[in-house]
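Worksheet: the structure to be examined is printed underneath.
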Amino acid sequence: LRTGVPEVVFGSGKSEAQLERAVQGLADQGASVLVTKLSPGQGEALHALFPEGKVHPQAGLFTLGADLSLTPPWPEQGEALVLSAGASDLPVALEAYATAQYFGLTAGLVSDVGVAGLHRLLPHLQACDQARVLIVVAGMEGALPSVVAGLTDKPVIAVPTSVGYGVSFQGVTALLGMLSSCAPGVAVVNIDNGFGAAAMARKLCHLKP
Amino acid sequence: LRTGVPEVVFGSGKSEAQLERAVQGLADQGASVLVTKLSPGQGEALHALFPEGKVHPQAGLFTLGADLSLTPPWPEQGEALVLSAGASDLPVALEAYATAQYFGLTAGLVSDVGVAGLHRLLPHLQACDQARVLIVVAGMEGALPSVVAGLTDKPVIAVPTSVGYGVSFQGVTALLGMLSSCAPGVAVVNIDNGFGAAAMARKLCHLKP
Amino acid sequence: LRTGVPEVVFGSGKSEAQLERAVQGLADQGASVLVTKLSPGQGEALHALFPEGKVHPQAGLFTLGADLSLTPPWPEQGEALVLSAGASDLPVALEAYATAQYFGLTAGLVSDVGVAGLHRLLPHLQACDQARVLIVVAGMEGALPSVVAGLTDKPVIAVPTSVGYGVSFQGVTALLGMLSSCAPGVAVVNIDNGFGAAAMARKLCHLKP
Amino acid sequence: LRTGVPEVVFGSGKSEAQLERAVQGLADQGASVLVTKLSPGQGEALHALFPEGKVHPQAGLFTLGADLSLTPPWPEQGEALVLSAGASDLPVALEAYATAQYFGLTAGLVSDVGVAGLHRLLPHLQACDQARVLIVVAGMEGALPSVVAGLTDKPVIAVPTSVGYGVSFQGVTALLGMLSSCAPGVAVVNIDNGFGAAAMARKLCHLKP
Amino acid sequence: LRTGVPEVVFGSGKSEAQLERAVQGLADQGASVLVTKLSPGQGEALHALFPEGKVHPQAGLFTLGADLSLTPPWPEQGEALVLSAGASDLPVALEAYATAQYFGLTAGLVSDVGVAGLHRLLPHLQACDQARVLIVVAGMEGALPSVVAGLTDKPVIAVPTSVGYGVSFQGVTALLGMLSSCAPGVAVVNIDNGFGAAAMARKLCHLKP
Amino acid sequence: LRTGVPEVVFGSGKSEAQLERAVQGLADQGASVLVTKLSPGQGEALHALFPEGKVHPQAGLFTLGADLSLTPPWPEQGEALVLSAGASDLPVALEAYATAQYFGLTAGLVSDVGVAGLHRLLPHLQACDQARVLIVVAGMEGALPSVVAGLTDKPVIAVPTSVGYGVSFQGVTALLGMLSSCAPGVAVVNIDNGFGAAAMARKLCHLKP
Amino acid sequence: LRTGVPEVVFGSGKSEAQLERAVQGLADQGASVLVTKLSPGQGEALHALFPEGKVHPQAGLFTLGADLSLTPPWPEQGEALVLSAGASDLPVALEAYATAQYFGLTAGLVSDVGVAGLHRLLPHLQACDQARVLIVVAGMEGALPSVVAGLTDKPVIAVPTSVGYGVSFQGVTALLGMLSSCAPGVAVVNIDNGFGAAAMARKLCHLKP
Amino acid sequence: LRTGVPEVVFGSGKSEAQLERAVQGLADQGASVLVTKLSPGQGEALHALFPEGKVHPQAGLFTLGADLSLTPPWPEQGEALVLSAGASDLPVALEAYATAQYFGLTAGLVSDVGVAGLHRLLPHLQACDQARVLIVVAGMEGALPSVVAGLTDKPVIAVPTSVGYGVSFQGVTALLGMLSSCAPGVAVVNIDNGFGAAAMARKLCHLKP
């Protein structure tokens, strides 16, 4: 693996024919397959083409030859622990959670621990300390990564989401907030880029000791 | 008072002559005087003109016939309690704190309680519950008002500051974060507008029961 | 009530199943329910699920176990008085008006009093003076809060709306205008956030005397 | 006059040599001269070169062979009536007022009639109705042109100024507000462009009946 | 007429019921009616309700009791002469042209005279000189008003359109270009605001000589 | 020459020591030297270090071992013909003109032919047709490249300048206008990048026939 | 050909009737026809009207009387060589490739050589050196033109595409990256403007030697 | 260490008194001290106060009780390897390099390996493979992190710098390019935030195996 990360198909905007070719190509090499950012229609089309595969509609994912479980209750700890601020951030959190598993990491997922209700976050701090890397997903003001990074010594990969309205500006406000964070040990990926956070987590967890 | 708020002179960009005229005008009416947003040079010029007045350089303020104390230690509670995230937010926090006093409110000021170190905020929650209104001042990601509003039932007036660098964008990121807050009971004033927060606090505290 | 404000369901983007779960959950606790930012389709779906509830399509609201009247003529005074600039701002004004009622405030609503026709605003100044807090809703140039704050001593919660075209920029121009206001005693919430204005109003009106 | 407007020198950023050449060139043609947007240093340099000319430092202007009076009290009516919102908008208002005179219009100037204090505007409505064109200068939220256009049947040329701080964004907020105006009969020129407003006024007043 | 301009109904986003009420209201006062910014569906709905009215789909207009002709060939001169850069700018140009007629001005319309083909503009300069006011409509780089204002002594009301793609940014680039124009005697209205340009033209043409 | 373009030193922000090292390095290789974007102070420092070199202050350039003439009158034709809209665009135009010469092209320069005075441009069209490539420099609304590209069959390299104020936004408006141009055969370089335009011209003129 | 480039019809947003008129007009003059930026529906409509023409749906093109081949495998060299970063950039790359052919240039197309996999680019450097001009198409971070311009002495016309999500901002990020390129000999056209790049290439290749 | 990262003093904007207090405070606890983002004047002031400390002016750093070597030649490998695109990015690269050392990591620094000259980067790929984490610093188009992440399996922490002019927008273009990167395993910190990259590197290198 030149880049240290297995190939993943980016589904958004691809035609049915393009998706089929990409999935078949990887399957022909004997690889398992993960496709991200699928619309419901694309998911159904892939399922019709590859009935042995599995669609995860809420997360916009399709998998073939990879056995990922996305249904709750999710394990609340793991090497890569995903923390998600609000219910609407869940699709992106699930993309990160599933991709981390696909990359061979043990992963956990804790949802609905946004900064406006800190009492929901505190019981999970111990799991944070046992993780190797935290993926923190948040929309709107995107403050959760700052708060988490101030409470733990683990590296935080921050994922802004396009959740919100008005001045949330499709995730730009959350992104800028995360980059401006005054807590040390936070680095940021593109808006809604759960995949990218998991790829970074994979590279981190494979660091030579 | 038509607008419910005494006149305050906005100093920024005014010439010495303009400042003198404004201060003298109010003094002639027997009013006490508060001038905001003064540069060090403007402050000294006013002091030379009105030696009985007082300059507060860190806060960019000048007062005449008003006895405001801005030197620490500040009282840590009051009708209007000012919470400030970082050391660099202090000038704006002091502007709010001084203006609130000038408007006749009892005011408190708690500094350096940013979201990257929540353990510093928690001891002050009781004072929050005893205040009538909270003025929360923060730069960078501007997350403090959200966190505070999630921990108390008091109204929060959020003041973004122009503190930070890079994508802090002179306070725009903090402003957008505050407006996107998912905690109920937060309303926002212009960047660095400590005066405006105090004016709102004054109107709130004078609400008829 | 930790935050001083009862729970309200944010409907935008939620699936029918998510909405049902949220409403049922609150109903099971014996609480009345308010859902905001509903599309027409979501509103109908909720009504089919909870036929004893009520949909307010223009305001994008659904209520269950709460008896709100949104049909005109609206009372033109109240503890929380909503002033609305143009006919197209009405959905947001109604969201604020309904939520304020839901929060137990007496509320009034005056529509179509934009700054391009000041003669329509002036007859309502007395009601402004009798209110405890004003919620001022405006799109386009968003000038109404400034004008109102200059004519009364009541605190003004300004709500920019996404009404307009061209450089109205979906409410950003109105928002910036409101934040730049030179009238003291104006604080601002997110674009189209009628709910947030009502939550702030609730906190203000419950201030200890 | 090809464009219907006499030549005016734009001083900003020009070297002393460039300014001298431009002024001398017009003087050599027997024309009177107006130079705009001068820094204090540039103004003094021009005065040293052309001692018979006159510098107007607050307005950033230099004139030669043109007898303009800019000192208050200003006439409060004229063909072209300039209305200015705040004290800090005065330099731009004076640029418009002086240029209009230079272009041969009778001009008036009314200052400090911003929307946060409408009672100061109302006494001037009659002068508005007697003018042929109104030049309305405002910074911050830039609401004055909307309000004025709703109170008169005269065309309004709106001039946003770079006055303000925070989200005033050096006049952009005022500009966007003016363009979004819901009052008919408002057209807008560039930020701080008092000259441009006067040029438009000159073209309007020279319209064939 | 308080504002000097007859009432025009802004159709965009209005429901069928709201449109009917607005049109009926004006018709009941014996006024003729103009409705702007109509979608095709809204236009058909109005026509079904008021079969004696007329829909102009390309311009998004509906008229009742007003006899406007919008079909080409258009007269190429008039008191108010509309110049339009490209074929795609025609809807906005027609809105201005129709509204000017509705306001009682004689109007002309010249299309497809953009700056990339100056030879098409030059034959119309004489008509420009005979007009009282020019309304110049352009999208993309929005350069036409500058060029025209440099070739004539008539006032130019510039209307940016949302035509274009990529960095045309829905008319923002054209708007900024028009405001930055170095030609004197250009003032600008909101993007796509043909109505606003005609309203300004009406006020200009009714100037007392 | 790997990239087909000789090395040029980018002076902006470099310390005296860094500049000396860069110039000495190239001189030691026997190359002639061009340094761009120099402040007056940097220029003087370089001249003190290399008295046989030459400073061109208006253009912000320093040359050593290269005999460039930048003083007017400039030749009004050349392989690479630079057209410049306004007097304030001259520094950037001179950077392009000098760099083109330094790269071995015959170059011409025509100044002050902006779109608000088309009669000044027309006499130069024949020289345009005799050039191989046109470099068109303009600030403010940046319309000149569009107009020129519509009048000739030569490729146009457009250079926006940071000249202007208000919504000129330091060249952004000119840049966006140039990119939105509806005339074919225009490509654009960064704001104020006269060097980049000349580098492109050099590559074009060295195209194999 | 006044501008040196044959007429091409811009299809986007045109009605069926407008498209028919444009195509028929050119066909009547005996010219071949190219229409760009067509939606699938527009393409089918044109094909129904002109069955002897050909639709290229992936590229959004329609041709009549011009024999262009767009089906892979594409020649990997040509006078104008198009390099495309990712699979999703292909529509824009094909627009450039087809238009270049239509303009009479020999054209090549190499796809999927983005900067994250440089080993795919290197085998094509020889073809770059044999081309006369390179058209480099890339979305997301838009880095490919910089890298290519650093590896060859050919002029690079950079075309940003609207491919990507989050902070790709519909091509703006790619555009800004290309303009900021530190490699000499890159000039840029509007986002998704494959046509414009081909028009520039045509003008370059027709330069007199 | 609660956050896993030793305290570092942020110098920017602090007064001499504030700096002295901060440094003395840490020294009194027996800690070594690092102060970042110092202006030359601040650096000299600190040196006068603490003559045993050391100022690194190019990097804007001050250290006390920490023995950091910043003078070239730098080691070209290390646990944390800093790669820097251009000479002007060096201050930020040095901040990262020094802070990493201060945090106890072995660090390397390779400068001047920007994407416009790939041949300079390739010799360093082996050192990349031997590092544990790469810190990639680049301004302008910010493409270096993408290219590097495509050539190695190490995690890349990308640091945009404010280097450049025109549309480099003080680092915003580089930042957006880095976030849009299509190479997996890149995460980004704030503009010019060398400190933040080193803090993230420290957390990564301390990951439990």
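Should a chain be cited, it is by its letter among A, B, C, D, E, F, G and H, assigned in written order, with residues numbered from 1 in that chain.
As a convention for this text, a contact is a pair of C-beta atoms (placed from the backbone, for glycine too) under 8 Å apart; a residue touches a chain by one contact, two chains touch by 3 or more.
All values reported here derive from a predicted model rather than from experimental measurement.
Peer 1: Which chain pair is joined by more contacting C-beta pairs, A-H or E-G?
Peer 2: Of E-G and A-H, it is A-H that has more C-beta pairs in contact.
Peer 1: Averaging over Cα atoms per chain, report the distance between chain G and chain H in Å.
Peer 2: A distance of 40 Å separates the two centres.
Peer 1: Taking the mean of the C-alpha atoms as each chain's centre, how many Å separate chain A from chain G?
Peer 2: 35
Peer 1: Of all residues in chain C, which are in touch with two or more distinct other chains?
Peer 2: 3, 116, 149-151, 166-168, 172, 175, 179-180, 183, 190
Peer 1: What are all the touching pairs of chains?
Peer 2: A-B, A-C, A-G, A-H, B-C, B-D, B-H, C-D, C-E, D-E, D-F, E-F, E-G, F-G, F-H, G-H
Peer 1: Which stretch or stretches of chain C touch chain D in the complex?
Peer 2: 85-86, 114-118, 140-143, 146-147, 149-151, 164, 166-169, 172-174, 176-183
Peer 1: So in the complex, the part of chain G that touches chain E is made up of which residues?
Peer 2: For this pair, the touching residues of chain G are 3, 12-14, 18, 37, 160, 162, 171-172, 175, 190-193.
Peer 1: Over in the complex, which chain C residues touch chain E? Could you list them?
Peer 2: That would be residues 87-88, 116, 163, 165-168 of chain C.
Peer 1: Quick check on the complex: what are the chain H residues that touch chain A?
Peer 2: 1-5, 8, 132-133, 149-155, 157, 175, 179-180, 183-190, 195-197, 199-200, 202-209
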